[in-house]
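Multiple structures are listed underneath, in structure tokens.
Look at the two complexes coming up: chain A is in both, with chain B in one and chain C in the other.
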Partner chain A sequence: MSQKTPAVVVDQVSKWYDQVIGLNDVSLAIDGGVTGVLGPNGAGKSTLFKLLMGRLKPSQGSVKLFGEDPWVNPSPYRRIGYVCETERMYDWMTALDFVSTLARLHGMTREEATARAEHVLDFVGLSDVQNKEIGKYSKGMRQRVKIAHALVHDPDLIILDEPLHGCDPIARTSIMSVIRELGTQGKTVLVSSHILEEIERITEQIVILNEGRLLALGNLHAIRGLLDKHPHRILLTCEDPRKLARRFIVENPVYGVRFPNEGQLEIQTNDLSAAHSILPRVITDSGVLVESIDNPDDNLEALLGYLIGGSS
Partner chain B sequence: MDEKGRSLAQSVWTRMDRKAGAITELTIRQLRHRVSTWVVLSVGALVMALLLAFYIDNIRDEFEPIDNDGDSEDQDNDGYPRGQEEKFGTSDWDGEEYPGSGYYIGIGEIDWNDDSRIHSGNHTWEGSGYLDAEWIDVDYSGNRWSGIVDWGDVDSCDDGEPLEDWWMGWGSACIYEDNSYFVNGRFKASGSVNVPEMQYMEWGYFTLEEFVEPDPASMYIDEDGIDWDGIDVNEIGIEVDDDGDCLAIQNDDNRNGIPCDVIWILDADGDEIIEIRADYNVNEDPAESEFEGEMSHRTFIIGTGKMAFVLMLGIFIPLFLALGLIRDETENGTLHYLLSKPIHRAEFILYRLLGYLLLTGTYILVLVLIMAFITSLIAPGDGLVRLSDYPVWLGVGLATILVLAAYGALYNTIGLIAPKYGVYFCIILGIWEFIMGMFTMTLPSSTVPMLSVSHWALQLIDAVVLIAWPDTLQYALISDVFGMDSGLHFFWAPPEHTLETQSPVVALLVSCTVLVMITLLMIAIGQSSFKNREIM
Partner chain C sequence: MSLPEEELNIDGVKTRMEVAYGAGDGDEDAKAIVAKSEAHVGTLFEQTYRPWDGELGPRWVRNYAIFRHHVYGLFRGTGHRHYHPMVKLTIFVILLYSLLPVLMLFLASLSTDGFMSDLFSRLWGINRYNLWGQVLGYFPRNLCCWPMLTALVVGGMISDDRKFGTSAIYFSRPVTRTDYTVMKYISVAVVLGFVIVLSYFVYYTSAIVFNGEGWAYLVDTLPMFLGGLIAGILVVITYTSIGLALSSISQSRFFAAIAFLGVIYGTKLLALLIESQFDTSILYVLSPYDSLAHIGQWLLGIEPNYDHPLAFSLVSMLLYNASAIALLTFRVGTLEVTRE
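After this line comes the complex of A and B, so read on.
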């Protein structure tokens, strides 16, 4: 009320497992909105989340959720929803059973729990199948049940560990919209992924982890802007790459073209956003039918490569 | 306080009832969805069904009269049971002696070193010597004697001294040229007998035979029962040797000057028998329907309670149902769902165990009541339903449930501390517990078994038995003194841990307290281990 503590404060936290370092001197403070935690597999995303959820004890530093140490005191969990990485669930339960049973661990009565469970299952779009056994669910549906269980008590902070992992495109889209919706409701949301594009579609606020270190923290566009000033490729799949190439080569942001495969044109640029801004005009003027536009360098690996290269 | 008015300082141990309800319910449902649960519980039910079949079979057998002293048997196959032979003073080991058989009365003998070696007369003879006969009963076949001389097959004697220079068999004779004989065996004749030195001859006569009707063997079964009805010790009268086999020899083993009686020694209050001193052969064959039936019934309940419920179900159910209560959740990763809720890990262990205990406890209770109902219907006694059995069965249920709690907490803790090898620890522990249980029954006062859970559960049953059936003590003594072998001695002894009060209620409370303490200690160890566990 009077004093607003950030939802998540991670202060110089390191975590090592015997000789292996899971997290190395990471400091973070997050409050409000959706934050994407980005990093390749093994970067320390799950370690960070498990530290937040009190599963692990920091080897150094301190973790605070709403001002409480989750390793000592699980009370912050009444305000937190956690979607874990685990894929195993109680397959013999129905989704409604699963969510309402877990809701009762928040001290709800059976009736309250059932009502809330129905509400959140509707929110994640599973109300029509809520009485089916989870064992019969698809990957995406299971993922949404997990999200529903994390939302059942209307938490202020939601932590999702790889919620899009293994989902089909439709489930992916619906999960993303759920997460965005949570952000607009004013919740603090932490969502991890190893795919840049996924995070990009959800949020602009990101944390990048690599090999246990915090590489970047801030607005994705700002980070990406830095990246834009670096050599970049745009791959076009089209009918007549040579005709299109002639049009592009005269444009200012473009410094080179290549034909990697038949029916493909690669544009090389130093200013990705400028190149993207001229792209529609050039294509329309040329009259060439373009099937797809890809940014092969616009992925996490490229971003990391740049960030690591830039920092060293 | 946050904007929703919820205080974070509030303990997570709030609304315990709802959380406990959710976790216990989840645990029960989880266990119900596992095949192993049903297998274990069905095996338990099957064992009980088998025991019941045994019981039904046995109770029928036990009600058939049993010859406790063995005097209905006819060891020597002469057609007379031992009891009848004892009355007539004949031996049941010698087929020639039987009631009414003539018996031999000796008159005189020539020993191997007597001076005078010739005797004349009309006798029945037995021995070796030269016979100069006036008359021989060549048809004499003896009174079931062996070694009767066969007079139809007599050879000529060889030269030299018979039995010295040459051998002849027992029950044979040879003839000399002067028509005298040398006889070796038994025979009936009138004449003079010359017994060579180093030989022996006895003479006498057989009494007349008379026919005695053999008694049926059944006459000697249950012929000497306990004259007290086993209910009110104040009604114990003077025990009588009903079949007279003690009076015949005027036995006074208890040395009170009265032959063939029983001394019942009561405690200070005069309501409990603490010792029985009986003269030998008094009450040695009581009727089964009165004592042994009741005793077998009690032995069955106590034995089933101790062996099948406490030692078998008590050890095996937790092994299959409690070992993985937390461990399996950790291994499956489903623990993450539960622990992301505002619930303390210690709280979680408690509710998990509660769920396990609710399921297994209900099972035990149902099983115990079914057993109680069926056995009380079949059991001996006048009433249709023996109400006094129910407290004992419920005591068995209580003991088993406390054992399930203690082992459940113990195994769960082991599963937490040693997830990989826990099952081996538990098996070793189970064997230890079983052995200690056996020791508790055979040597109730030894101290080592006190280091086991089963010891306290078995003691609990002993205490409950004494509370519900105070006269079990008497039955144990009676079975001991009057030779009724029911197994009660193996399965039951008065409880040990009465804190010197001799009160079974105290023993019951002590046992319960110890079992609950063990459970709480194991839960606490599990909780502290789990609290500091990092979960991947």
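After this line comes the complex of A and C, so read on.
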């Protein structure tokens, strides 16, 4: 039985620019759904995307898109849509002309290209301004034009380099819903961003890079669960934290409590799911009124802090 | 608590704001801007992605898309490569100017005076010198027309892609580096050829038509015509190679255009100065124009006005083309043209 080839396979890839290492022995395979590529500036995100798009040749290792090396063979690009970081486009063209022109680079006929361009521009919410010149667009609209041109040939793999950069909240929300929709349609979407909260709203599947090295890959919560040396915290806001603390400290998954502020109790545990499973019983038995329950370090920002802080 | 239906309906009946203002204590004439019924009209974009199940066309369709994008921009205002209206106008003027001998031939054909007819025939008629001059004459063709035409067309051909970041978009499509380079090359060559070679062709054929020449004339002059045609094609190839190579190393069409003019005029000027001081034409091998002119003189069978052997000019032209194409393919092959 033939096995399906993953959309992206990066095998022990390194890329260096003279003395500077851009990417250091990175291996990963991605197929299906939305994956966030995260890391601080200079982490190697753009280098990774350029390697995937065949714009750079790996110094070592191999990159395969749908089983083909993109540096040697551009045929996988029939199935790939790419949104590059640059904001510059043909400003004199209308969005419809721009997207349909690029559709024709995939071999579509004029009619097909125009119909398809109209659809993707409608999908990204630009149908009412599609005949306006791109030079007159706002930043958010330009980002959406870039997404539209990447989608025009109905790719299976979509690579978005900082698609939320410079967008206002409304444009961000719109772009995020577009990305989520593509993910639910079974497409493989790779998206990089500095805005962690928004990546978190799009996906829990992440790749974390720092200083060219792959730090983590997989589900956000699963990765967090693996960080044993950084205990999980559960923050409860309640009317009598000390009374509640007495109840919690005798429970097995809890190994420490703190009172960070007045009216707050912080429970420390190494097993977050076990701790959550005992929460309802302990709170009910204590009779203490709890206003809120929060996991302050089970998010992307905390995870990045632990990983990148730990690696440096 | 939700408002009653009649208070929500702001089209026709009193709105809540009108009720508040219309309290009857002297402010009956007071006006307030209230929401109009259009406020209820909204647009909900259908953000549903519809997959496409069409067949993507073959390689030639994609390559034709690159070609038409560059060439159609000269004729259409939008949707293609942008050429400034002044650029389009200049190219049109150069085309008209290159066709000027056709008009003169026509006027000469109307002359019945023997002396005038001979004079016109010498000035504009078909002969080796005039055919050479139509393609390779220095003034005005190779001083004002062809280098200017090339600079205007080729300047932004690759540098614009770098400037606007669109070369990265090209290479995120199933476009090979070879296709990209070849289609850019053909696009420039077609535009240059349209002006240089077509005007030469029209000039030759119109002489036959206007003078009512027959087969014997055609047989007599065809070898000359073909020699000039090859010279014209060599001009197009050499200028395209040099121009595209310069465009691939620059990020602005201005630099590429100026650099091209610098190569053509600079080498010519240098060789001219050396010749005037030392009475030797050897440095003309540095000038792409003079190498072509020398080869053209040989192809058309006219007396060369260079002292150095023809082989030097031939090697010079080959080296210019080879090095320009090597630079161009290196820049595209390493995808340096995508670096912004």
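Here is the rule we use: the second predicted complex is superposed on the first by the 223 of 312 C-alpha atoms of A that agree within 3 Å, B and C clash if a C-alpha of one lies under 4 Å from a C-alpha of the other, contacts with A are read in each partner's own complex, and residues count from 1 in each chain.
Methods note: contacts are C-beta pairs under 8 Å (C-beta built on N, C-alpha and C of every residue); 3 or more make two chains touch, one makes a residue touch a chain.
Just so it is clear, the structure is predicted and the values come from calculations on it, not from any experiment.
When both complexes are superposed on chain A, chain B and chain C end up clashing with one another.
In the overlay built on the shared chain, the residue A:248 is in contact with neither chain B nor chain C.
In the superposition on chain A, A:66 contacts chain B only, with no contact to chain C.
Looking at the shared chain after the overlay, A:88 reaches both chain B and chain C. Touch criterion not met for A:49: it reaches neither chain B nor chain C.
When both complexes are overlaid on chain A, the residue A:185 reaches chain C alone and has no touch with chain B. Once the two structures sit on top of each other via chain A, chain C runs into chain B at 7-15, and not at any other stretch of 7-15, 187-195 or 223-231.
Put simply, chain A uses residues 53-56, 74-75, 77-78, 80-82, 84, 86-90, 92-93, 101-102, 104-109, 149-150 to touch chain B in one complex and chain C in the other. Contact residues of chain C toward chain A in the complex are 43, 45-54, 56-59, 61-62, 65-66, 69, 78-80, 82, 163-166, 168-176, 335, 338, 340. Partner chain B is touched in their complex by these residues of chain A: 1, 50, 53-57, 66-68, 73-82, 84-90, 92-93, 101-102, 104-110, 113, 146, 149-150, 156. The part of chain A that touches chain C in the complex is made up of residues 53-56, 74-75, 77-78, 80-82, 84, 86-94, 97, 100-102, 104-109, 112, 116, 119, 122-125, 127-128, 149-151, 153-154, 174, 177-178, 181-182, 185. Within the complex formed with chain A, the residues of chain B that make contact are 1-3, 6, 8-12, 14-15, 18-19, 21-23, 25-26, 29-30, 33, 332-334, 336-345, 534-536.
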